[in-house]
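Common to both upcoming complexes is chain A, partnered first by chain B, then by chain C.
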Partner chain A sequence: MTNSPSNPRNFSSPNDDDLTRKDSLFKDNLAQRHRRGIVWKVIFQISTVIGIIALSTLLIKILNDTMGYAAIEYKKDPSTISSSGLPLDEMTCSELRVILAENVTKNRLRTIEREKPMVERSQSECLDLVISEVAEPTVKKTWPLFASLFNYEEIQSIAAEEYPGGDLIFKVWLSRAFILSPQSDDPLKAGIRTAILGSIYIIIIVIIFAFPIGVAAAVYLEEYASQSRINQIIQTNINNLAGVPSIIYGMLGLALFVRYLEPLTSGAIFGSADPTTANGRTILSAGLTLALLILPVVIINGQESIRAVPNSLRQASYGMGATKWQTVWSHVLPNALPGILTGTILAVSRAFGETAPLVVVGAATFITFDPEGIFSKFTSVPIQIYQWTARPQDAFRNIAAAAIIVLLVLLLLLNAAAVFLRNRYSRRW
Partner chain B sequence: MYEAKNTQPPAGSLIDTPPEIDISHRSRLHEQIIQGFLIFSGVLSIFVTFGIVLFLGREALLFFTDPQVSLLEFFTGTVWQPQIFRFGILPLLTSTVMTSLIAMCVAIPVGLCVAIYLSEYASPRIRGIIKPSLEILAGIPTVVLGFFALTFMTPLLRSILGNETVQIYNMFSAGVVMGILILPLISSMTEDALHAVPNSLREGAFGLGATKLEVSTQIVVPAAISGIAAAIILGISRAIGEAMIVAIAAGAGPNFTFNPLEAAETMTGHIVRISGGDISYDSLDYNSLFAIALVLFLFTFLLNVISQRIIRRYREVYE
Partner chain C sequence: MNLSVHLDATVNQTIVTETNEFHAIEAKSLNVFYGDFLAIRDVELDIQKQKITALIGPSGCGKSTVLRALNRMNDLIPIARTTGEVLFHGQNIYAEGVDPVEVRKRIGMVFQKPNPFPKTIYENIAWGAKINGFKGSKSEMDDLIERTLRDAALWEEVKDKLQDSGLSLSGGQQQRLCIARAIAVRPDIILMDEPCSALDPISTLKIEELMRDLSKNYTIIIVTHNMQQAARVSDFTAFFTLTEDRAGVLMEYGITNQLFTNPKQKITEDYITGRFG
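For the complex of A and B:
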């Protein structure tokens, strides 16, 4: 039984020791290899989780800043405003109107009347007006949402200690009023309407210029261009342009549209020069700059969609005697359109979030009026975020976060439209 | 003789010869106009490149020909102070390199690991969740990431390392957040490259007894190395050209330092800050921005060309 056949090693070879050693080496090694495999698998998984954590931290951080407690100090204490001793929130609108008339200048009163006549305002609107016009609150310090929810006592004691005359209110920075009001120096009144309108104007210009030219270039490169040297250069050039930093496009826009083509972009040659503009730093310049920026992306996406249209369609069309353009217009483009639109929307959403080129082209730092046309000064949502972020006060961080939410929601809508188009109309050949 | 006879209509035939239509020479004016527009659109991209070179070059030339500027000082000087006419690009360049380096230290390892995980390990369901999330991260505007760097990453860093060592504006947090920005770019390009490696290679390696890790790192990654290299180079180019994160979080004011916890302005950050303020045209200050932009453009252009070359030349083509 010592030479058991169940142990084949004993029969196999004379140098038995050597083989056993090799075998055990192999087995050790195998375990080690598997261990290493598991360790690295965990590392790969952790890396992926890091990416997801980064995204969620970003979103949570921003949401965290959009609401929370704010310590507010008043120039004039609201409880001392009313002469009758009645608390402000129990007064009727007409009583509040009297207080307002006593405390603000005639000019200011007229401006307020022009915005919306006092008689038409509701009690709460009147109250807000009196608070903001007469008591003149300023935000001293703000706390983010999580701290506000879980550390209320601490916040209360800090606020009571540092700002004894002030109020502690729960402020939702992202509100209807924030979206609808124009820009202001006071974070309590500041809104993002001018910036949203500016962004929309700019995006319309971008679409008007980038879409037709981009699609035309894609059609040319895919359907018309021969394999000549010049066309290869164009193709390489487009690929390179797609990688040029956006700030370089801003410099091009500054030199070309703002300065070189100033008569055109300021509207001077159309005789409609806006006296407040006085140079080429207009919506038109900004739109054209961003159009150049996304043009390569639109072209490359367009090419891919056109390439995906099967050749049999073209051949069938030619077989029916159609000309090249008839084939392209009636068969290739309709079938490539969903892809082209999806690519364009994604490119436009990139333009929507661009900041650096617009800063370089010369976004206005402070405008409170809505843009009147393409020759107006401009600002956009990302520009506003940049300017508010750059301010040191707490409250501006909060409205920057609120503006970021607005921006992200707008981008999400654009992207959802792209996904919808892709799913609804895309065909597989 | 025979052919000629055949083409003749038979005498006394009732069928008239149809009128000659020469399709090839029929000109359709509107199609020619349309084709002209298409060609113009195609060629426009060349004009854009020329425009960039021309306008950047012209203003930069004005800058370099100014008696107060010397080319040597521009490339070797360590002080950038336009107020006293000191134009040495090195402080701007070093901080650009520093932030990009930090960004790549974050983005390359994590990006590669994510790509390998998604391409080789993850089930289709997990891939379907993670890939779109990373695409969302890639689509977030850079100004938002700048806000994140300044209001989250910097306070976090300061609470760990102390307020004295970490300045409010510092290159490190800008670099890390820039890495987060570039991470999806690298991971998605790398994943595409890994995905293009044919399964027969993997199966061959598995058949020889390789573990999953060995297949991934010794077979699939080397086979896709050209795509990975291109992704990394493109990521570097993106990091160098990125403006808003560094403009917000890395600091205002050029600073010649290699300490990542200090504030230092990058090339892009400088352009954003100066052009965002009141700047008078045709001043030396204004022209100097174009000189910086030209340097930036040449850098990124070179990197993009290299990246494309690598893709084209070293791509392994599988049947």
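For the complex of A and C:
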């Protein structure tokens, strides 16, 4: 008998060989079984590749819009602003201040000085200020990144033809100024600061309400509740609530927090109602609505984490004469905590990206001032993106793309925190 | 098998029944049900103080159920129901108003699989003392932990790594840590549910030596599948078996030597000689 490894069929002894060959109940199908395995492996690989392609397309599409050439026209040509004939970018800040004072109203000048005194501004800040206040640029047309990189001549000729008095500049829409500026009507000035602050305020409210209530409910359902009919009904309902569309929660939030609990959510009973809003469409209402939205998810996730704590630990604890509460507090909760935290953060990041319920609850779409507290009007990053993508002008599409990048980075940070907590606190038993 | 055989078995108990003050715990017509299923029937068992009593028998005969009935661990199973009495210091632990937490504090338990808490070795022992109202200072706690670990024959192996996780120990060490944890709350009785079944022979031997040491101060009741272990370590042995309706009954109970060399029941002899089970 040859026993070469290259021919696996010959591994069996001659007697075995006879047995299997003569037994008509078995057919020799090893090659076919391997083939089938390979086909499935290829199918799984293709699925993965399709997923990766879809994600990269999305990312590239967004990045493509965050920078590129923009054709800009000025109300007053920057080169004619200066009376002395000196180019603007060679002037000192005090010289620029003189130009500014000549061209804007006294009130406007006072506002600018109040934001930040001219003497404290750097030359480039003063220059930007003069350009935006005096020359008043408007974006006429924008081109995405790839077109800007590969078709520069074409873009240049179009711009020269259609906007002869304008400038063609390479504009990076996702910039420091974009993140730090408040909302504005002008895409060149508009920023996302108010929206980021709004989102952060809302998320803090969500965590304050959803985390303790969700964990407490999970502990009750897992450790205390008996298998009674009513508890089973509650459990089923929580599972179903996790699947309710978010806009339904928005309507609940509108009816409950904005309308019914208006004195509370507007801050009226605390005497701190914002006179410009004077209704329940506040950060508090938005936070409570989103907290309700993620509460079922937090509860279900908490229950799963608690259930994953091995029963042997509970038995050991009871066996030493611990009460139920001592067992839960000292063993169940500490061991379930990494799972609870991870799940809560993931649920919070879902709330962070929610748009529909906030639209219903009444997010303000245009606020230029930062929220001052939980009774302020609010907007959030996804609301802002939604708002900007609905505008007809080219440039708003670019700042929407920039805002999407900001949102994705914030979500990535949250998810990274979840991964960190899971690795830091996960235990073996 | 019929009921009369079982009744004979209880009559035979008279050999070991002495006056009450020598009994650590007594089961009186103890029945445990899981739902409608009768798991153990009419168990009468008087456990001698500061002795080791082994519960043996084939799988599913209810040895562990009897053991867990002795410190009300069965209460944690929602469908379990117990009737009859378990007298501990003359008090029925199933009586109205008895707190199972107090019962379990006085009657500790060691489980089949070593289950130290995922905390430090120090904390594993300190926790039991703390929850049971230990009010001493830090140095008194240190003393308690050293004493307990010495009693559990673990001190020499772990004295330099008290702040390591209890899970970093070997299986046998973990089980001795669990025993240390149980004796740290100063129980009267320690119940052990197959404490060596997950351990290698050398660790098993160490635990058995430890049990002999501990029996000077504690009453130990051990469930084991290993008849050699029962013969080696225990003073008394209770043999359980199944009736036709699958309820567990106490078949024979006596001094270990006598039960192994001269069993009264045919079925006991069959079991200990390995003919069934």
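Before moving on, here are some points about what is shown:
By our rule, the second predicted complex is superposed on the first by the 379 of 429 C-alpha atoms of A that agree within 3 Å, B and C clash if a C-alpha of one lies under 4 Å from a C-alpha of the other, contacts with A are read in each partner's own complex, and residues count from 1 in each chain.
By our rule, contacts are C-beta pairs under 8 Å (C-beta built on N, C-alpha and C of every residue); 3 or more make two chains touch, one makes a residue touch a chain.
Small disclaimer: the values here were computed from a predicted structure and weren't measured.
Contacts of A:Tyr163 after superposition: neither chain B nor chain C is touched. For chain A, the partner touching the most residues, choosing from chain B and chain C, is B. Once the two complexes are overlaid on the shared chain, A:Thr323 sits against chain B and chain C alike.
Touch criterion met: A:His331 reaches chain C, while chain B stays clear of it. Shared-chain residue A:Tyr152: touches no atom of chain B or chain C.
Of the two partner chains placed by superposition, only chain B is touched by A:Leu241; chain C is not. Residues 323 of chain A lie at the contact with chain B in one complex and at the contact with chain C in the other. Partner chain C is touched in their complex by these residues of chain A: 226-227, 310, 312-323, 326, 330-331, 335, 427-429. Taken in their complex, chain A has these residues touching chain B: 33-34, 36-37, 40-41, 43-48, 50-52, 54-55, 57-58, 61-62, 65, 212-214, 216-217, 219-221, 224-225, 231, 233-234, 236-241, 243-252, 254-256, 259-260, 292, 295-296, 299, 323-325, 349-350, 352-356, 359-360, 362-363, 365, 382, 385-386, 389-390, 397, 400-401, 404, 407-408, 411, 415. Those residues of chain C that touch chain A in the shared complex are 71, 73, 76, 78, 101-102, 104-106, 108-111, 113, 115-118, 127-128, 131-132, 167, 178, 181-182, 185. Chain B makes touch with chain A in their complex at residues 28, 31, 34-35, 37-46, 48-49, 51-52, 55-56, 58-59, 109-110, 113-114, 116-118, 121-122, 130, 133-134, 136-137, 139-148, 150-152, 180, 183-184, 187, 211-214, 217, 234, 237-238, 240-244, 247-248, 268, 271-272, 275-276, 281, 289-290, 293, 296-297, 300-301, 303-305, 307-308.
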